[in-house]
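Input: one structure, supplied below.
As written, the chains take the letters A, B, C, D, E and F, and residue 1 is the first residue of each chain.
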Amino acid sequence: MWRYEKRLEFPINIKKRDPRMASVILTQYGGPDSELSAALRYLNQRYNMPDERGKALLTDIGTEELAHVEMICTMLSQLTKGATIEELKAAGMDKQYSQRGMDLFPTDSFGNPFTAAYFGAVGDPLADISENMAAEQKARAVYENLIDLATDDDVIQPLLWLREREIVHFQMFKQLWDHYKKLDLK
Amino acid sequence: MWRYEKRLEFPINIKKRDPRMASVILTQYGGPDSELSAALRYLNQRYNMPDERGKALLTDIGTEELAHVEMICTMLSQLTKGATIEELKAAGMDKQYSQRGMDLFPTDSFGNPFTAAYFGAVGDPLADISENMAAEQKARAVYENLIDLATDDDVIQPLLWLREREIVHFQMFKQLWDHYKKLDLK
Amino acid sequence: MWRYEKRLEFPINIKKRDPRMASVILTQYGGPDSELSAALRYLNQRYNMPDERGKALLTDIGTEELAHVEMICTMLSQLTKGATIEELKAAGMDKQYSQRGMDLFPTDSFGNPFTAAYFGAVGDPLADISENMAAEQKARAVYENLIDLATDDDVIQPLLWLREREIVHFQMFKQLWDHYKKLDLK
Amino acid sequence: MWRYEKRLEFPINIKKRDPRMASVILTQYGGPDSELSAALRYLNQRYNMPDERGKALLTDIGTEELAHVEMICTMLSQLTKGATIEELKAAGMDKQYSQRGMDLFPTDSFGNPFTAAYFGAVGDPLADISENMAAEQKARAVYENLIDLATDDDVIQPLLWLREREIVHFQMFKQLWDHYKKLDLK
Amino acid sequence: MWRYEKRLEFPINIKKRDPRMASVILTQYGGPDSELSAALRYLNQRYNMPDERGKALLTDIGTEELAHVEMICTMLSQLTKGATIEELKAAGMDKQYSQRGMDLFPTDSFGNPFTAAYFGAVGDPLADISENMAAEQKARAVYENLIDLATDDDVIQPLLWLREREIVHFQMFKQLWDHYKKLDLK
Amino acid sequence: MWRYEKRLEFPINIKKRDPRMASVILTQYGGPDSELSAALRYLNQRYNMPDERGKALLTDIGTEELAHVEMICTMLSQLTKGATIEELKAAGMDKQYSQRGMDLFPTDSFGNPFTAAYFGAVGDPLADISENMAAEQKARAVYENLIDLATDDDVIQPLLWLREREIVHFQMFKQLWDHYKKLDLK
């Protein structure tokens, strides 16, 4: 089980409203390579890892990804808070407003609801971990795409930090892969 | 952010393998009225609640639902652990095995991957909370369906406990609804 | 079975073309809290209601929701009728045109095709009706979002009327819920 | 708008419970070539037909398809009414029961929720009507598949009658196609 | 099996970047009536055709549709190649960029990932082929919609050519339908 | 473009009907880690590879995966050819028959229609190729799951051969990854 601690893993403090930037960062909330996708993927896979080391690593990284979901949600919330109808229309967010008002919702940038079809689990630790390594690479690339689109340093800093975590996680999964490879599982 | 605590909210100790029972409990992992659906619904809605009381309640219940996801996963894991190919075939779980081996995966009982289309958020606290009240009622009913299908007391006890939590959460959401109703939001 | 009567439940007479407004009202045709979602939800649930009163109410409201689908379609049709390619591009509706020409289609505002995953049925009258009460609340909130986005009184009047119907239906479902609660079903 | 008339278009009177037969007839409730798919397809397309003849025909057939949805639901209801947990398990319907109890739900035979992705509308009367002609052919074929699987005459008679209606509708759409072809639309 | 031949079935040589035009042509890559939908539909159906003539025709047209997928991808690639972030934003393609960078992806114009729910197969040659005839009509109509939206002759010429192929394929499927009709299958 | 060559990449000659085995092999036709998923993934990604080597490799492997789709379809076809209604019922394939007759269809083992959500493309060659490496690992694992379920050597031999190709492709993608890593792209 989890205990909630009322603080963000990395501070978010965006002072300039920018609903259009929110509409692209959205993909890291509920898109294919999102933090939500990562969290659920790792927390799902842990039950079938062959040793405690694997179970623990997946639990730890999965738990951290939940904190990243929270960071992304906070960014989305700050980027849109207090926006007027006119600002939302100008940012092309009237579609979002019509359906959700000012609520958040886990979709990709196009508005596709999050689906577990974005991730996998095939019952083989090496294959599952190779999916995780790929997931971290893809999330890193998406953060780079977002940084290309961003102009505000308050937005760029957390994106850079999140990108960095993807690289760290990739390394950790690589080590676990090497560990299981040596054990000659299957 | 969250801290992981290595214990279950309620103990699961299923001694008798029963893959077919796993194949129906699965709906509470990744189905429409699942614990995962509940967790993501509440953790998503909290950003737009009008006061701290609402934000806190949604965070608390959302966090507890994550613990329920973990309980359900543990049940699925214990019900299938060590099953032979023949046992899986007899339980109609060869489809599951072909695609996921012995891994878990968040689908409903029919194998539909979890989708965020199962829940909503419309930007109105009263409407959002009424969705939550309905969600708790529906989850309660699904637990009753599962209890009808179960025969092992080790399975029934945690299902009864989870059903009970749905009723408690329903009451808590009802109180929040009454609180916001009085504030005459919108 | 149903008899078609060639008139709208409430008159629609929009004189000013506004494809962009159509692109948001669309969510009430094929979105999560749409009239279509409501109609199918109620007409589906009626088969398992425990008495004639429940069956009749769900049939009546379900049938009225079909009339609301027709009203929404008429609004969409009038808001786009005769639009030029340039007007459609200016309204961001070239995507719609590329795929459907001037035809309608039941999607949400983002273009997600309608799915039955938006509604539920769990085999328990109290839970099913609580879903219906929530659905009416959510549809009410979506109409309020749309009214916020609308500027033409010819559009606002039917939206206000439809919003009003949601409140009436909520009350009717509330009474049915109280009735079944007293019967102590399950 | 529509008026509900409390009678079926064709009588359904199934005296022998058969949950497994229900689990395949289900595809005509919420599957790709289902009555629901047909009803929504025609009622959607009518707004952009080029003359009154087309609009009227689509409205009439769309309305009749709603009556067919009702017939299918009645069959599903009679085939499962009063089934015990053991009968449901024997028929492989414990998955259905876990998630929906004894409620109906518009899915295909595999449990995929109905989606509007099953039908189309491209803004061209000839193309739209050719889709309708194909839809009627496909529904006819599905009824033939179901009749192959059925053994009870109370089930076979309504399936035969519904199959017959598909052939009649195909002819009506063919005549409309010929009519529009002569008008040299586009 | 297939051999790749490094040339396009029809030359594509678009000299003027136009990301917005790409965002609508996209529907013919991964949308409901796309070339991908056509290719998979025909290559899937061929296994159950009652004679060699049917199997061969479906294989041939299915293989040609793969070449059309390649033409569409080449158009998308040329229309976006080298676009700056500013050009992408102006074209409303920042959503696409956030998630895919400059990669292609098979979605419809709205960003819905391609799904096999767009096509059918019911086990009856006449019904399957009537679906194919409808598919060709619908694809023709979508090309006409796209031509309405296009302004550059380098874009229009391949669209006109692809539209022409739909008409030819429709005729070929019509002849196969007549052939099977005479054989009185089923 | 592609030329069809009327032979399988590896011979399939299954003499013993086994519809239930077909119902699990199905996942390699239209499931998450299917041959279809692989073919579309690679043929999609090739447009944005930074050099001819990458484009050529993705085209070659993508084309080979199309041949694997054909092998899988041939297996499915031979495993079910001529099955009686009773055999299909005994194998739990009456659901399949109700909806598709004896036609094939690209779904996973559970009947979920194939979706492009199963694969990705993020605009970064290293990330895209890491996804491909993971895909090959996952497909290998699924073939191992299927071999665990298979009992007929006519089925096992092609599965073993296909499994082998996944390992070869993994190596080829690994070399391309190393090549791009050295170029220090991004």
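What we mean here is this: a residue touches a chain if its C-beta (ideal position, glycine included) is under 8 Å from a C-beta of that chain, and two chains touch if they have at least 3 such contacts.
Quick caveat: nothing in here was measured; it's all calculated off a predicted structure.
Colleague: Which other chains touch chain B while also touching chain F?
Modeller: Neighbours common to chain B and chain F are A, D.
Colleague: How would you label the chain A and chain C contact, same or different, if same means the shared numbers make up over half of all numbers there?
Modeller: different
Colleague: Taking each chain's centre as the mean of its CA atoms, how far is chain A from chain E in angstrom?
Modeller: That gives a centre separation of 33 Å.
Colleague: When the C-alpha atoms of chain B and chain C are each averaged to a single point, how far apart are the two points in Å?
Modeller: 28
Colleague: How many angstrom lie between the centres of chain C and chain F, each centre taken as the mean Cα position?
Modeller: 41
Colleague: I need the residues of chain E touching at least two other chains; which ones are they?
Modeller: Each of 32-33, 92, 97, 99-101, 107, 110-113, 115, 117, 122-124, 141-142, 144-145 in chain E touches at least two other chains.
Colleague: Should the pattern of chain-chain touching be classed as line, ring, star, complete or other?
Modeller: other
Colleague: Give every residue of chain A touching chain B within the complex, in rising order.
Modeller: Residue positions touching the partner: 1-5, 7-9, 30, 36, 40, 43-45, 47-48, 59-60, 63, 66-67, 69-70, 73-74, 76-77, 97, 99-107, 113-117, 121-124, 128.
Colleague: What does chain B use to touch chain F in their complex?
Modeller: Answer in residue numbers: 85, 89, 92, 94-101, 107, 110-113.
Colleague: Can you name the residues of chain D that touch chain E in the complex?
Modeller: Counting only chain D, the residues touching chain E are 32-33, 112, 115, 117-118, 120, 122-124, 126-127, 130-131, 133-134, 137-138, 140-142, 144-145, 186.
Colleague: Within the complex, which stretch of chain E touches chain C?
Modeller: Listed in rising order, the residues are 20, 23-25, 27, 31-33, 92, 108-112, 141-142, 144-146, 148-149.
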